[in-house]
Amino acid sequence: MSISSSTENSPPPQPRITIPHEVYYFDTDAGGVVHNIAYLRFVEIARTQLAAALGWTVEEMNRTGLVPVVARTEIDYLKPIRLSDCLLITAELTGMEKIRFFLRFEIASAAKPDLVFARCQQTMVTVQLPGGRPQRIPPAWTAAYPQLITS
Amino acid sequence: MSISSSTENSPPPQPRITIPHEVYYFDTDAGGVVHNIAYLRFVEIARTQLAAALGWTVEEMNRTGLVPVVARTEIDYLKPIRLSDCLLITAELTGMEKIRFFLRFEIASAAKPDLVFARCQQTMVTVQLPGGRPQRIPPAWTAAYPQLITS
Amino acid sequence: MSISSSTENSPPPQPRITIPHEVYYFDTDAGGVVHNIAYLRFVEIARTQLAAALGWTVEEMNRTGLVPVVARTEIDYLKPIRLSDCLLITAELTGMEKIRFFLRFEIASAAKPDLVFARCQQTMVTVQLPGGRPQRIPPAWTAAYPQLITS
Amino acid sequence: MSISSSTENSPPPQPRITIPHEVYYFDTDAGGVVHNIAYLRFVEIARTQLAAALGWTVEEMNRTGLVPVVARTEIDYLKPIRLSDCLLITAELTGMEKIRFFLRFEIASAAKPDLVFARCQQTMVTVQLPGGRPQRIPPAWTAAYPQLITS
């Protein structure tokens, strides 16, 4: 599969995006703040939009059956997020191996960008559906960001 | 597909089950009570266990690709559910047509069974995966509960 | 509480909004389409944005403790939603009583607006947190939309 | 707060439980397997039941406002979980500091206990609601398991 052939745009100079995100009641729990599990939805939204920005859209995943799968998540909950907080979520591609790639996320306050609510790292594996056989990561990514290849 | 052939047990005399269920933090919201969306998980848990009790297990669904799909949900939220409430969820098959069947649910307090937290009704359609083509409901169900056939 | 005093804008001529929304993997299930429970998140996102457009923001809810609570949901699942579908969600205030108000939702395809995936209606009750005592609906709403008062 | 005073039972000799758990459709995604976020619900269910087994029940949390909050999660997704898998989830208290404690989880197959689907570790902080001020962990825990005190 060629990711680059599926998009008319060149990959961005930095494999990183920042998106705004709202908090909803369904994200919170009876402690009055965002529930720890809801952060993983925030991370997935940013991850999906990063992949799309890098040319690997959901349409592409649907068409080819080639999808990224989470192999490992680490998340540090630094400050509670309240219903009234507006978020800025940053997602960044930080490293690539043959079949795995590495992402870093930061969930911060839109009002006070120095206020970081959480940091997260994920290890992703590229697999072919159905079946889930591991595959090489998008060649367009290694071509665009050779400095991130770690093996 | 014969549902009855996949189970060694006869269907129960009444197509109804009642199961206990706990409330977790992830079910609640910042209002301090169970979030309206979480009730639908309670309903799905009871629905899946009712289907299994009637011989239509998840294994069966996996094997045959024949699955029930929700076509309509009505739910009345009567009383708030708190984290410390233990629940009794009742699920009942109340009617059958050619490809649709009808379910009724009640979510009550295990401590005070007269305290009903919510009532729900769902219309289900039997479909064949992949594709989702509608199919006849399990013949074993119409055989076991002819009084519930409404068309 | 005065809703109108909390916003500098007049209420819109029609109490209705339409928002775009993306589908994520966490919205789907093993049937390959969006899970029935995820639709209720779509509805809540549109409901929250409608309330904000009408001057009843989450900040306002946080500050006053006056919140809308779902008393009843009816939802018809008309067509399956796939991962690659982009959605247009419409939310509309359709009626008001003393403490209850009524909402209607439509989840349609952004690519083909005639393709309606689901229709939903909700009955909401205005309550005061903590405690959940019912309260009058926002006076600014009845003032702005007297034609929607049904009792 | 005394956790021990709230329960008539002595703490178990090992601070560890194993519980069975079913997989539901709402746990899965369009990849045909359990979604990565759903694992965190499995972990929370086991965590809540471990806390209850150690005398720190949800009722106790509700009454005292003293609750455990997740400060960090690490989870390794080792094998995909399918709808038809029955799970055995093990949760274990592995270490205690003044206000933090450490948990380890394993999600395995009930049919083949050597088949481990995921391993997870969480760092928890004891906080007082409302407000979220950190508090000492339950004295009954340090009394019962002095060998787990790491600072």
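Lettered A, B, C and D in written order, each chain numbered from 1.
Note that contacts are C-beta pairs under 8 Å (C-beta built on N, C-alpha and C of every residue); 3 or more make two chains touch, one makes a residue touch a chain.
Worth saying up front: this structure is predicted, and the values here are computed from it rather than measured.
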Reference chain C; chain at largest CA-centroid distance: D
Selected interface, B-C versus A-C, where C-beta contact pairs are more numerous: B-C
Chain B and chain C: spacing of chain centres that average the CA atoms, whole Å: 26
Residues of chain B engaged with two or more neighbouring chains: 25-26, 31-33, 37, 41, 44, 83
Chain A residues touching chain B - in the complex, by the definition given at the top: 25-26, 28-33, 35, 37, 83
Chain B partner contacts - residues on chain C that touch it in the complex: 31-33, 36-37, 40-41, 44, 67, 69-77, 80, 129-130, 132
Contacting residues of chain D [partner chain B, same complex]: 22-26, 41, 44-45, 48, 58-59, 61-62, 82-84
